[in-house]
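Please go over the structures that come below.
In the two complexes below, subunit A is the common chain; its partner is subunit B in one and subunit C in the other.
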Partner chain A sequence: MIVQLLVSGIAVGIVYGLIAMGMVLIFRAVGIMNFAQGDFLMFGGYFAYTFNQMLGLNIVLSLILASLCMGVIGVIFMRTSYWALRGAQAKAIIVSAMGASIVLKEGARLIWGSIPLSLDKVKEGSVTVAGATIQWQYVAIIGIALLLMLLVYLLLEKTFVGNILQATAQDQYMSSLVGIPVIVSIGLTFFLSAALTGICGGLLAPIFFLSNTMGATAGSKAFAAIVIGGFGSVPGAIIGGLIVGLVEQFGGAYISSTYQLVLIYVVLIAFLMFRPRGLFKEKIQEKA
Partner chain B sequence: MLKIENLVSHYGSIEALHGISLQVGKGEMVALIGANGAGKTTLLNSISGTVTARGSIEFAGKEILREKAASIARMGLLQVPEGRHVFPGLTVEENLLVGTVAGKGLRLRPGDNSKELEMVYETFPRLKERRQQLAWSMSGGEQQMLAIGRALMGQPKLLMLDEPSMGLAPIVVEELFEKIVEINQSGVPILMVEQNARLALKVSNRAYILERGRITAEGASADLLQDPKVLEAYLGKMVSGKKDSSKREEKR
Partner chain C sequence: MLQKSKKNPVSAMAMTAFALLLALAPVATSVYTVHVISVAMISYLCVLSVYVLLGLCGQNSFAQAGLWGVGAYLAGNILLKTGGGTLTAFVVAIAGTALLAFVLGFAFFRLKQYYFTFASIGLMTILNGVFMNWEPFSGGAVGMKNIPTFTFFGWQATTEQSKFYIVLVVCIVATVLIGLLFRSSLGRAFMAIRDNEMTADSMGINSLLTKSIAFAISGALCGAAGALHASLSGYLSYQSFTYNQSTIYLIMIMIGGTISPAGALIGTCVITILQEGFRSLQDYMQLIYGVGVILLMIFQPEGILGGGKALYERICERRKKAKAGSR
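Here is the complex of A and B:
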């Protein structure tokens, strides 16, 4: 039982971490918490459903295509909900993101209906390890999520494009003074963030079912992960996601499945009370 | 190289520059001096396209007033802004490589930049020692060197320096200005904004004095250094018998 919960907790948690990472990328680039991020997950899940169930494509290919489609949606989101308001106060952009969230939610209902849907698992069946039955889907999720995180890390830290994205995130004014077209750089960040989050929808759908309201729950769990991990920190978002996933799975099994979300918020509040800056510090610090 | 005519610039509804005309010729070092709030930084920002303005700005024979900041930078008109603005979370070398976007454009791979890096490291050996260090953790002087080095990576056709001496110890300022003169002598024209008027006038060929958004004096720097009005207002000389303590004096 414990091994099973541990694996499912890590699998779900790493997905929350991935969504949180998407939010942190946008937060670092434009200084805004994107409250439509959860809906990127939901929409990505529906794209995966379309490719997998409606067009009959292989699930891995469907996930990749869904991710690319979400990247494009991310760029459209940036252009419509952020760019025009970039000079305005943060709260204006937050409200506009909330508006986009409603558009995505209701758009999904118009296109795909409101009946919960499911799609293929990456790998069917299960494996028995030390007496515990573990679904292959969980193992696949962990593997794919780790791979994606590694790729993002390499892209941001080890490549020239990553340097340019980071430079723009750190100082937009200066980036334009070295000749970087800020809209391209920010657009690429939104593409990356939405593509990452979109793939998560397809990974979670076989476990939780796909519905047009799944974004709000997943988004709030990812937000909790960010606060626990330390605002703006990528490793923090991942560790925070794992904590949230484990609390959800173990709490659901041993305490009450009805109060899973409540338990997450209890942990969140505990962090806010005792470690309000989260687990990780930011890479850039104020010089003493 | 740079020819500005009748430039007017606003911050909201407040007019910050009231018709500025200014020129920087090939290979020249031009200083722009003036008190706080005179509009020096606004002028540089208007040239680099980060503040909107009216009038005319001609660079290398092309009108650039309506161009976007990023394309002006890619034309080789590079500004090193006040407060240095290094990219804090990138290493020294990454900062320098990002600087090549101005000269070589936006691209997926950096390509071979060893020539540019070598040139910058030769000018500022300190940067080579620290090339793996994150920029935020460096001293003010090193950050200023990095900011200038990053601009040099973009193969500037004209360099605009905004307050390069700000917040630096006198000995660091001295070292830095030697390098700035060196860069100018290698053929890069420089437009420099500087509060340390004496120093700016010493190293430059010509200078403009900006007061409340207007140019009130211009001429060869050597002449301005002798001008009693300039002496009193900007160099803290006791012309009227009273020392003006509000102006920074160069400590030597």
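Here is the complex of A and C:
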């Protein structure tokens, strides 16, 4: 039982961590919390459903295609709800992101209907380890998530493009002075973030079912992960996601399944009270 | 964006005129419309509470719908279980919610800006979970039924119209009180914190206490709205008090503009009219609503009121220039 919960907790948690990482990338680049990130997840899941169930493609291929589509949606989102408002106050941008979240939610309902959907698992069946039955899907999720994290790490830290993205996150004005096209760089960040979150949607869909309201719950858990891990820190977001996933699974099994979400937020508020800066410090300093 | 706390006769007069016009509504329209307006006025109270926190004090909270629910369930418990009257329920709902907000404010406002916003999202989720699961207090998933309507000294408000007038009176009183707050030293302390918290601190304002008071005032408004909601609808369900509802309040105030209570009024009206007007489009209504919110934020990031004010100032300036030119 414990091994089972541990694996499912880590699998779900690492996905929350990925979503949180997507949010942190956007937050570092533009200093705004993206309130529509959860809906990116939902939309990505529906794209994966379209490629996998409607067009009958292989699940891995559908995940890749879905993430590319989501990247495009991310760029459109950036152009309409962020770039057009970048001079305005932060609260106006937050509200426009909420508007975009409504649009995505309703768009998904109009296109795919409101009946919960499911799609193929990456690998069917389960394996027995030390007396515990573990679904292959969880193992696959952990593997894919680790691979994605490695790729993002390499992209951000080891490549020229990554340097451009980080420079823009540090100081937009300064980077425009040294010849970085800021709009392209920010667009790329949104692309990356939305693509990552889109894959998560396809990975979570076989476990939680797709519905147009799944974004809100997943998004709020990712928020919790970010705050627990430390605002603006990528490793923090992942560790935070793992904590949220484990609290959710173990709390649901041992304490109360009805108070699952409440439990996560109690942990969140406890963190805010006693360690408001989170577990990790942010790499890019808070902008004045 | 500095803003002097001077008297603004135009906005006050416009709001009085609007209230008078609204008072005539039951004579002219159907029972359904009267009910819709009553519900909208309750939303207005909640949006006003966002105005106090965000517009005056600069703190962004997503817990307003939760506080609204606390007020509603408190009132429902008083009315159903203790047999107290409407007035008792009202006082308990306002005082209880304000007290809860005040105490929580002390804990939460040790966190600044973003961190407070996140704590408030957490509070909202926790409150919703409590409403859904704590059966002795909220009736759990079934909710609370058959809450008696407004009763004052033996007189019972049975028609929609009489309920409407009760809600209207509460709204007017609340608006006047917030107007007074705007001109008081407490209101100026709120605005000092909004503009620059560090400066406010160095001028001798206890920012933690002041922000907690702002949260308590917004809690009181939400509590009043909750008590009204309990008696008006007679039925409470945890599904009304969600995070989504809180975001709707935020959208309303941002669309109206955060610079005056009139913004709360305009925002509530616009969203209610949109929601009711596009009801015939059914499926596409929410989509249009979302696109509308984005467009409004792109073209009027300061809200309708902010945009109107900028326009008015530009006209004034042009007139001045024209005068100077004619001389």
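Convention: the second predicted complex is superposed on the first by the 283 of 288 C-alpha atoms of A that agree within 3 Å, B and C clash if a C-alpha of one lies under 4 Å from a C-alpha of the other, contacts with A are read in each partner's own complex, and residues count from 1 in each chain.
Please note the rule applied: contacts are C-beta pairs under 8 Å (C-beta built on N, C-alpha and C of every residue); 3 or more make two chains touch, one makes a residue touch a chain.
Because the structure is predicted, anything quoted here is derived from the model rather than measured.
Asker: Since both structures carry subunit A, what do subunit B and subunit C do when superposed there: clash or fit?
Answerer: fit
Asker: Which of the two, subunit B or subunit C, is in touch with more residues of subunit A?
Answerer: Here the partner covering more residues of subunit A is C.
Asker: After superposition on the shared chain, which partner residues are touched by A:180: those of subunit B (first), subunit C (second), both, or neither?
Answerer: Only subunit B is touched by A:180; subunit C is not.
Asker: Based on the superposed arrangement, let me know which partner A:261 touches: subunit B (first), subunit C (second), both, or neither?
Answerer: Touch status of A:261: second partner only.
Asker: For A:100 in the superposed arrangement: first (subunit B), second (subunit C), both or neither?
Answerer: Second partner only, subunit C.
Asker: Angle at subunit A, subunit B to subunit C, CA centres, as a multiple of 10°?
Answerer: An angle of 90 degrees, rounded.
Asker: Name the contact category of A:92: first (subunit B only), second (subunit C only), both, or neither.
Answerer: second
Asker: Using the touch definition from the top, say if A:160 reaches subunit B (first), subunit C (second), both or neither.
Answerer: first
Asker: For the superposed arrangement, tell me the lowest C-alpha distance between subunit B and subunit C in Å.
Answerer: After superposing on chain A, subunit B and subunit C come no closer than 12 Å at C-alpha.
Asker: Please output the residues of subunit A touching subunit C within their complex, sorted ascending.
Answerer: 33, 80-81, 84-85, 88-89, 91-96, 98-103, 105-107, 110, 216, 220, 223-224, 227, 231, 258-259, 261-262, 265-266, 268-269, 272-273, 276
Asker: Which stretch or stretches of subunit B touch subunit A in the complex?
Answerer: 48-50, 68-71, 73-74, 78-79, 81, 85, 87-90, 94-95, 97-99, 101-102, 105-110, 134, 136-137, 150-151, 154
Asker: Write out the stretch or stretches of subunit C touching subunit A in their complex.
Answerer: Touch list, subunit C to subunit A: 54, 60, 107-108, 110-111, 114-115, 118-119, 121-123, 125-126, 129-130, 132-133, 243-244, 247, 250-251, 254-255, 258, 283-284, 286-287, 289-294, 297-298, 301-302.
Asker: Subunit B touches which residues of subunit A in the complex?
Answerer: Going by the criterion above, the answer is residues 160-161, 163-164, 166-167, 170-171, 173-182, 184, 283-285, 287.
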